[in-house]
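Several structures are given next for inspection.
Here come two complexes built around chain A, the first alongside chain B, the second alongside chain C.
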Partner chain A sequence: MAKKIIGLCACPMGLAHTFMAAEALEKAAKEKGYDVKIETQGADGIQNKLTADDIKKADIIIHSVGITPEGMDRFEGYEVYEVELQELIKNPKGILEEIEEDKGFK
Partner chain B sequence: MTIKKRTIGVSEDKIVGKANDLNDGKQSAWTEISRHIMTGISYMIPILIMGGLVGAFSQIIPYVILRVDPSLSIIDALNSGQYTGFSEILLKLANVMSTFGFTLFGFAVPMFAAFTANSIGGKTALLAGFIGGYIANNPVAKLSIVNGKWESAAPVASGFLGGVIIAFAVGYFVKWLNKKIKVSHNWLAFKTTFLVPLLTVLFTLIFMVYIVTPVGGAMNSLIKNVLQSAGKSGEMIYAVILSAATAFDLGGPVNKAAGFVAAAFTIEKTLPITARVIAIVTPSIGLGLSTLIDKKLVGRRVYDKQFYQAGKTSIFLAFMGISEGAIPFALERPGFVIPLYVICSVIGSVTAIALGAVQWFPESAIWAWPLIDGIVPYIIGLAVGSILIAVINVLHRNNLIKKGKLEVF
Partner chain C sequence: MDIFKKDYIFLDIGLKDKENSIDFIAGKAVELSISNDKDQTKKDLWSRERAFNTAIDETIAIPHTKSESINLPAIFIIKSKNIIDWGGKNIKLIISFLTPKENKDNIHLTMLSKISRKLVDDKFKTTLNESDDINLIYELIMSALNS
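For the complex of A and B:
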């Protein structure tokens, strides 16, 4: 079964960077053959909300946030990778590769 | 590239991969502070938008639609007796909208302080932050002896500055209390529902009334006096700083922070917001324009194909008063493009102001243009800034292509 990546993206204005980062991560993760689900907390509220089940089953959890997101208690006790929005937009593949290395997936 | 790993609620940050920065401790403290401020700002923005829009309509109705003389207030216009029937109803509506808009603006600092504090210290801090932010705007009256008698008087407000200070003070205070006060399980309810809130509210009261309000109020009066006494040159320096900060990150956090300061000045009618409203849209128009003129100017495309649609979107959004359309251009070649549009926006703003454009209303969309005093200088300033950006960027890119340092697809 494919491994699962979940992500949470949120930027201060919730207009541009949130969705650019989510798109970049989703594309890169799909190319690598992962199951992906990404929650965005933008100006239009929380979209594609991650459930407790999503978080439990995830192999990799990535947070790319410029603010303190809502619902952080969901992630209590889980290992989370934090990446800056700008870096995720620019180099999603490189970031995934480093995380994979850290996790020992390779 | 920095990737941090942590277990939420348990461990501190750990750097993963090829972390390249040695002074990371410092950097992550700064990242944390800026994240809290950004959280507060993100909750404040909707208020500024709503208040701004309602306020805009309250000005457009009398001064654009009904053509009331701008030197008259709405009440003066009603008292003049010239406006009857439907016009009278519209004026009354405008008056209500203006009051409503100002009420909304009054919530900006409390919301900012509440959610900044919440981001640091959680729910208890949220309310304390809200109260602190409210008092920053509406200081608690204190008793003092005036002419041998006790009288109650409200001191100068500490404003946004006071809101920032109280939000951080209260946020970290609550966080510290929750960590330091250790009680047995039976007493947990006592701690969270009585002890921590009590200590927090007392702290807020004392800190706000005796420290933040006097210090913040004095600083606000000082800034205001300096800016006003510096006169014309002070206005220009303000315009330069404001337009540079506004243009810098295209609607990002620096822009919004600058916007808050500028909004405070323009609401109190201390200094107009002209420089900012021009700098909001100059980069977007300029960069958008560069995609339209490149073929005419240098006879070839200087961007990848996908940028041509982005260019048109960018210009369209600019006329709606939105800067974000230019982000793709800034991300593609930030080292050159960001300094370019910051400098050109400053030039454009200063040109417009020097020629006499004045805008008090905090909105740069095209529908706010009728509220500008001196629309021709305003448009000249916009044009100067945008055309400079477009021409310089096209020439620079063409030069790079010729040297083989840039390829376009």
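For the complex of A and C:
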């Protein structure tokens, strides 16, 4: 079964970087064969909200946020990788590879 | 009410620098009744730039704001005749998002989010960078908005 990556992206204006980061991560994760679900908290509200079940079943959890997003308590007790928005947009594949190495997936 | 029109595409514009570009955006926004206050729009665009320079790669900048001065959401595509120094990046293409501060209109915000997602698509960016055909640019943005 494919491993599952979930992500949460949010930026101050919620217009651009939130979605660029979400798209970059989604593409890179799909290319690597992961199941992927990314929640965005942008100007259009919370989209694709991560459920308790998503979080429980995730093999990798990534937060890429420039503000304090809503619902952070959902992630309590889970290992979360914090990645800067700019970094995730620029180098999503490299970041995933670092996390995979850290997790011992490789 | 359209978030994007051919009127929002500005080609071959002689922009001197970042200052001049922000002024151009705010000026056009007033001309097109998107903004009700040029100075406020400028100020709010600059405040975003100061928080973090909006160059997203070597050639594209995305100055954007959620401002009280904005009446309705719009996307501007501006291609500069000259290279603009945008906080150290040599910019030739500006994609500007202007949105009202309070916005209950989620359809337009969802459309904006689709354009943002396209900004990590190299093919989309290359086509946009290389084209000076207003119809092609219009179709490219519209198809992204409606994807």
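FYI, the second predicted complex is superposed on the first by the 106 of 106 C-alpha atoms of A that agree within 3 Å, B and C clash if a C-alpha of one lies under 4 Å from a C-alpha of the other, contacts with A are read in each partner's own complex, and residues count from 1 in each chain.
Keep this in mind: a contact is a pair of C-beta atoms (placed from the backbone, for glycine too) under 8 Å apart; a residue touches a chain by one contact, two chains touch by 3 or more.
If you're wondering where the values come from, they're calculated on a predicted model, not measured in any experiment.
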{"item": "Fit or clash between chain C and chain B when superposed on chain A", "value": "clash"}
{"item": "Partner chain(s) touched by A:89 [first = chain B, second = chain C, both, neither]", "value": "both"}
{"item": "Contacts of A:27 with chain B and chain C, given as first, second, both or neither", "value": "second"}
{"item": "Chain B versus chain C as contact partner of A:78, first or second or both or neither", "value": "first"}
{"item": "Partner chain in contact with A:19 - chain B first, chain C second, else both or neither", "value": "second"}
{"item": "First (chain B), second (chain C), both or neither touched by A:44", "value": "second"}
{"item": "Which partner reaches more residues of chain A (counting touched residues only), chain B or chain C", "value": "B"}
{"item": "Touching both chain B and chain C, residues of chain A", "value": "12-17, 20, 89"}
{"item": "Touch list for chain A against partner chain B, complex", "value": "12-17, 20, 65-68, 72, 75-84, 87, 89-91, 94-95, 98-99, 101-102"}
{"item": "Residues of chain C that touch chain A when the two form their complex", "value": "48, 51, 54, 56, 62, 64-66, 97, 99, 103, 106, 109-110, 112-114, 116-121"}
{"item": "Chain A residues touching chain C - in the complex, by the definition given at the top", "value": "12-20, 22-24, 27, 40, 42-45, 47, 89"}
{"item": "Interfacial residue positions of chain B with respect to chain A in the complex", "value": "1-10, 13, 16-18, 35-36, 38-39, 41-42, 45, 118-119, 251-253, 256, 324, 327, 331"}
